[in-house]
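In the two complexes below, subunit A is the common chain; its partner is subunit B in one and subunit C in the other.
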Partner chain A sequence: MDSSTSVALEPLLSFLAFSLSQIESGFYRIPGSAVVARYVKSSHQNDPGRTILELILVIFAIRTLLQSRTRTDRSGKHFIRFSEKEIDELVDEWVPEPLVQPLSEWEQKDLNSVPVIAGPNGPKPKLLATGKIVTNLASFNFAGLAGNEKVKERALETLQKYGLGSCGPPGFYGTIDVHLDLERDIAEFLGTEASILYSQGFSTISSVIPAFCKRGDIIVADRSVNFAIQKGILISRSTVRWFDHNDLKSLEDTLISVEKDRKKRKGPLTRRFIITEGIFERDGEMVDLPKLVELKLKYKYRLIMDESISFGTMGRTGRGLTELYNVPASQIDMLVGSVANGLCSAGGFCAGSAIVVDHQRINGTSFVFSASMPALLATSGSEAITLLRNNPSVLLNLQDNIRAIRAVLEKTEGITLLGHRASPIIHFCLRTQQQSLSVTQSTYDHEAEERILQDIVDDSVANGVLLTRAKHLRGQEMIESRPTIRIAASAALTRKEVEKAAGVVKASVTRILSKRR
Partner chain B sequence: MLSLMTSNPPSPSPSIFKEKESLSQLPSMATAASYLSAVQQADSCAHTHDNPHAPLTPTFSISSSVTTSSEDSVDEDDDNNTCFVNPHTPPTSEQVFTTAHTEFGHCANEAYRCVSKHDYTKPFQEHTIEEPPCYVHFATYISFLILHMLGHLRDFFGKRFAKSHFTHLMPHNGYAPLNSSFDSFVLRRLKRRMDDCYAQPITGIPGRTVLVLDRYSPDYNHTQIYTGGNTRALNISSYNYLAFSQGRGSWADAVAESIRRYGVSSCGTRLDSGSNDLHVSAEALVAHFLGTEDALVCSMGFATNSTFIPGLAGKGTLIISDELNHTSMRVGIRQSGAEVRIFKHNNMSSLESLLREVIIQGQPKTHRAWKKILVIVEGLYSMEGTLLNLPKIVELKQKYKFYLYIDEAHSIGSLGSRGRGVTDYFNIPPGSIDVLMGTFSKGFGAAGGYISGPKTLIDALRLRSHSGPYAEAIAPSVITQVVVSMASIMGVAPAPQLTKSTLFPSFDSSIVAPKESAAEFPGMAPASMLPTWMNLCPSLTDGSEARTRMRRLAFNCRYLHVGLKKLGFIVYGHAPSPIVPLLIFNPGKLPLFVRMMRARPIPIAVVVVTYPATSFETGRVRLCPSASHTKEDIDIVLRACDEVGGILDMKHGSCERWGIDEVCERAVELVHSV
Partner chain C sequence: MSRPSPKLLHLTVPVPADIKGRRRSGSIVKVEEVGGRTEELLDRNAYLNINANWVNAKGAWLIHVVLVFMGKIIIDTIPGMTQQISWTLVNLIYLNLSYLMFHWVTGIPFDNELHGGAYDDLTLWEQIDDGAQYTPSKKWLFTAPILLFLASTHYTNYNPWLFAVNLTALIVLAIIPKLPQLHRQRVRFLTGDASGVSTPVTPSFPKMDQNPLHAANPAESHFG
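Our next item is the complex of A and B:
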């Protein structure tokens, strides 16, 4: 029995021995294999247990490598197998929801009330619906550049030479010399090393943030930042700590606690960013820039500041908060602004050091993967900068008009003016019993307030003043902000026109609110 | 001269240009006199032979801004290459070209036209990934290995001995490094070596040719110094597919008028006070163009995806996305908070098996059924040149009840006999697709994008997408360009029906009136949809100009695609695609290819792409022919590729090979063989 099996196994064994020796000699023919063999032998000699451990490790490593990178549910224990027929039946049974929920009655009304302008937008546009000419307190035309003849002329010249579309992303022959000119103009205007141009204002900061903030980095941000910043933070996957709206004391506390946390965990030094706005889009508050810069330098944070509202409106020539507070723009690591709002053209920019800007040329997603801005919009921006530089009186007009509007509205019953007194956007909300603007849902009825505000807007439009509610995306925002009406001051209107328009708004507020009581 | 001082990159010195110019195979017409005599000659030739194709360019297409080609290019600096200025076949006096030859090539030969339309007698040809021989892959991997090793070595020593260059990569002064040296490795150590091939600024119009600014780098691409000069190159890289982005002509005239009337900016967002009558009428026109109920426009193409997708999907929704979808869609999907699953590129069986799995398994953890499933695909993939298998996906859609979102960024305007994108190409009713998205920055020569679908959907997006309340409205000049482009593709009613058939007697009769699907694509744009101040010239209002352009584009795409294959190259994608990716593989050959094409007697501006836009091993050059190229231009490109590709050992295709002369001669036959 024993011998017969050994006889039967003999060819098999000899084949095994042969192939083993073949593998061995083949193995030794690989350059460097002797070193490996010596290592394995000696380690086995010292500690046979270690060989087994290492073998297990190798097998585990191979298994991990072979596993697919993407998470799949197929391997999960909850995966249930079905036959083909069952699958077909289940597929037939499945009824999806409609792609979108139809608009509610209020949403439909909201949409219908959106003003449409016939012809050019400016200080005195004509409305399509009524054909009436109204005074514009809604559109972003802060420095009165809309319809400027010089800008138009420059745009026309550019059109002749460059056509309209750039027909390519910046990396692939989509960079036109006029883009470089505008980038240089902005950088020189602000006093930074360089700047980079994005083709839409809204997509600028939501692309700048994830270019620098990565997983594991720390972002300390204002609780009430605008929607674009919220989306940028979401995309970045960084750890976020929020501080109270425009409260630098709260910011400092947060910075201290972050530092404490880090010391406690003995974690490595990670990138840390403070993200806030110059003038807040939501309520017109203004940040105390010198103090902010002091905190940033003290706690060694990098500062990303959105100047979408303040660039082109604040300071003597519209350089923004840096000019107003006389803080060098180079102190702000990433200064983001809007060419669309401030320079009345289109697009946005990020100014900073050459390293910061160059990094975005590859890592700013909406820069890299999008067609560059049409040439004529870029030259219009350049022309607007020249106009701002040469006419500082324009912004004095703007400040006069802001003061005039605030003076009238402050005396109006039933509303509360928000924001900084120099802010070119002026928000007001309905005054309630509690003066605190707490944002919890229970203290006020959101939709009811929206309806009242919309009535005010409609009434004042009927009386010749274009107003708008501040529109938000309910349900998608991080915090629900109080419904407000947003007035955008413009230097293009005379003081008299502004006072008259503010008077109309005041009358509308009084009329609508008295009806309600 | 400055370019001589730099060793890297090797840019051509002017003297080389002059020397090689004489070798150029194209007839060079150095003086105006010789050009004129050539015109005379061509004229008499056309008369004696009674060429049926000769007097085809409509004589009434003279717009207010007629320029002859020779005049135009004199004011722009050109030193080189008369072939950019003077057409290969000089026009006869009966042919009137309203464009500058440098901007839009003159081509009167009706044989060089083709109709972009799917042939249902043949099955949909799945795109094949042709593999090169093993050694190519091996060399590619080795190249990357060497590049990586060198890069890491330089980082290792640099961080120790040249700290000043690494401050932003190392902690200093209590700040963490601005960029992680690992994250930026590819950028610093691989891309920087070929930075001279990217982001080269241009000036003027990116039409048939483009003026690139000359630059050189004294420090291995860390800084670029502009010499102040520029070089005219044949432009085979811009997305100006139909060449509507022009400085003169009807398109530009209308845009100029809108700037005069509306100014530059819309001054606000769509929902608060940036909407104007142009936006409203343009949206109606876009919907009419696409054959859908309603449409919404956005001021940036990228943002069209990234801000509208979150308005469509949320928690409880499953998004199924093609693995090669564009970044804008990925950003939009991530912002939406919906679950995502990926299927293999354009692989319908992979999609089907995924659908069968997800529908029955439901949401992870809870196993509740998905509220809805949204499949997001592209009509034409921008890196691969592959066409979506639309007939199959529509079939799947009926069975599995998912919603279909098609991004037509590259296909709209450039595909289909009526320029309506993939739906037109496959002749599938656009109403059967839930969401059609596209951009204006490619085919239409403008900027921005649209999304279209049923009215309820678009109204919801107006209010609930990020763009509505927060993003600036599209500028009046840009939307005007869109309106003119779309109107010129559709034609404007009422228009004399007769002129059309008399214009294209022989070639065109089959596509002038597509009877079988007249109901799906509304025909001409009613004049009421256009602004009253817009005066379009007759060749635009009857749609003949745009139709010619679409047919020229279709010819050029096919010719280039098939031509390259016949020359032995590996080309990805489908032949009708206006994106022709020519595979190079090896990272070292990518910058070489660009520099060699640029240094040719007739410089050619090309774009190479590699990681991260594609996978590591499939580096490629992406050629984008446009309607503005003539057949001779494509010949030039083919000839250049043939020579450079031969030197760089790029010909690994398995297709039957022809010589370059045979390819050029039998171009028409090749195109119709597709």
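Our next item is the complex of A and C:
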């Protein structure tokens, strides 16, 4: 058997030997082959193991050299390479999408339910649709400055003198002397060294934060800050840690853990900021300012406080939380407020030390790139500050009205009032069976609650009280909050009117909730 | 007036139960991607990165050969130097210095303000050619240590230990970090969570510790 296979294989073997000798002689005829042969022999050095390893390396290197270039990071991982025919097909069947998606039924209803007012806004405006006069509990008019006669006179004078437009950004022909006057007035009012004026309230805080916080800095922010602050933090690219809403114990824990992390990493000491609001727009809670300042000094953080709601409403003369808690305004590094909400004019400001304010003249994006506010709005703001200084009793009226509204609404069945009892914005939401936090997200229905609240709002408007839901961008904010109705108390209404209006709201709530049951 | 009223109902919808009370991660070794967030990609594309473009210049290719040559000559002048030790030294010094330059140091020394810290987590290798793989410079940088190794084994006859040392150094310091599969990946040892139970970390929160693939800091990784 063995000999027969070897006999069969003999011609094959002799053919192989012959072809090998042919290849060898052909190889040696190529010029330079002797060099290569000598090189390989001396590399080999009689050690086949190493030669194999080196061969593997060489093959790997050649494979790498032969690979073609891949795409860069920037082109994205989702790029699909289509063939020409596929591209043509896709182009043929393409139908352009509309610029704006058509509104869903709920969104259409929401849009239609926004009331249109005939004439100027004020504490008792007239609705265009029905011609009825309603009590305005929706617009921010805390000290009753909207439609104030003195402010109107001053604004008209300014309009005669300066015209309307401001001609440009504040750094480039847009600053008028009345802007500088208002900045000085705000700084004197608050007791800071200087202040800077921004032309829009929303973009104030979202310009102040990126002006000071850069990538690599640490921000410790409250979870329920408003949308403008969230955008500012996102733009700044800083590392952000969130602490539980209005919980100073949680804040302290976060500050300690940030310091521990930094020590563990042996990282350099970077700038650190605490960002919070004076009165939270989302639910009306008020922050404990002395304790906050104490924490900030202990852990060496800078404090950015957004007093959009509390400036012009809190304190004896409306200076905000600093007056209320008797904390000097120099303790707050950047005090951001809203001239639109508190002084019923337009825009916002940031008050602080001279260095803080001067830095923003170049680095505050909204200051550099947006037009400055019209002159008449700046003088309205200055006049409003004078009025607040001279008539602090309006704020006592405001607090009376707040107490009156809360007293009526607390007795209402089926709703829960939120926020601090002195806060000028009063949120209420539907009271659910389970009062605790054990409501899981799957059983929670935003849409249904919003519909019920919208029914309450519509019913109130029909009965003479203008209300609004607190509007949020669903899916864009960092945390989803429960739908609420937001009441903005005003000092321009008398106590009787406010009690009557609150009674109407209570009746609407009871009516709608009993219908639902 | 300054005492806050007791909270009746938390306004926020509670976070799902799997984030609260999250257990510490049990793995000893974890491979993570860095530098892939959208803001960082946008910030990188704003300007040209001169810190990574110089490797494309032809002089930068030639300098490897020149430096190795000069290094070999200088090391050969040391009295009592055998060929084995000399080639091993050249090999190891070249591999270590190129590892330090291309795979250890992160961030950019020049033009840091322009890119706003978008390159702070990336090594030079990952910055070359905006992260494209198998570009000409990368192919050259891949081949150069291999050629050096092959030349060194050709001209001397290593004893088995030195051969193993050289080969391991080549694979660990030159080949593995340059593989495209490890692009922007970091191996982390024994990391703890950056926050406690009371402040659960949001998904977009970047990890605070940086522990790139290296074995030279056992203390930090051990007590991490």
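By our rule, the second predicted complex is superposed on the first by the 410 of 517 C-alpha atoms of A that agree within 3 Å, B and C clash if a C-alpha of one lies under 4 Å from a C-alpha of the other, contacts with A are read in each partner's own complex, and residues count from 1 in each chain.
One rule holds for everything that comes next: contacts are C-beta pairs under 8 Å (C-beta built on N, C-alpha and C of every residue); 3 or more make two chains touch, one makes a residue touch a chain.
All figures in this text were calculated on a predicted structure; none of them were measured in a lab.
By the touch criterion defined above, A:L466 reaches subunit B but does not reach subunit C. By the touch criterion stated above, A:K214 is placed in contact with subunit B and with subunit C alike.
Of the two partner chains placed by superposition, only subunit C is touched by A:L418; subunit B is not. With both structures placed on the common chain, the touch criterion links A:S224 to subunit C but leaves subunit B unconnected. With both structures placed on the common chain, the touch criterion links A:D288 to subunit C but leaves subunit B unconnected. With both structures placed on the common chain, the touch criterion links A:L65 to subunit C but leaves subunit B unconnected.
Looking at the superposition, the partner that touches the larger set of subunit A residues, subunit B or subunit C, turns out to be B. When the shared chain is aligned, subunit B comes close enough to touch A:Q476, but subunit C does not. Across the two superposed structures, the residue set of subunit A contacted by subunit B and also by subunit C is 70, 73-74, 214. Across the complex, subunit B is touched by residues 70, 73-74, 78-80, 82, 86-87, 90-91, 94-103, 107-108, 110-111, 114-122, 128, 136, 138-141, 145-148, 151-152, 155-156, 159-168, 170-177, 179-180, 199-203, 212, 214, 217, 226-228, 231, 234-235, 269-272, 300, 302, 338, 340-341, 344-346, 355-356, 359, 361-363, 365-366, 368-371, 373-374, 376-377, 380, 466, 468-473, 476, 486 of subunit A. The part of subunit A that touches subunit C in the complex is made up of residues 39, 42-43, 45, 50, 53-54, 57-58, 60-61, 64-65, 67-74, 214-216, 223-224, 237, 239-246, 250, 253-254, 257, 261, 264-265, 282-283, 285-286, 288, 324-325, 416-422, 427, 429, 431, 435, 437-441, 444, 478-482, 484.
Subunit C makes touch with subunit A in their complex at residues 1-2, 4-5, 8-14, 16-17, 36, 39, 41, 43-45, 116-118, 120, 129-135, 139, 142-143, 146-147, 149-150, 153-154, 157, 163, 167, 170, 175, 180, 184, 194-196, 198-199, 202, 205-206, 208-210, 224.
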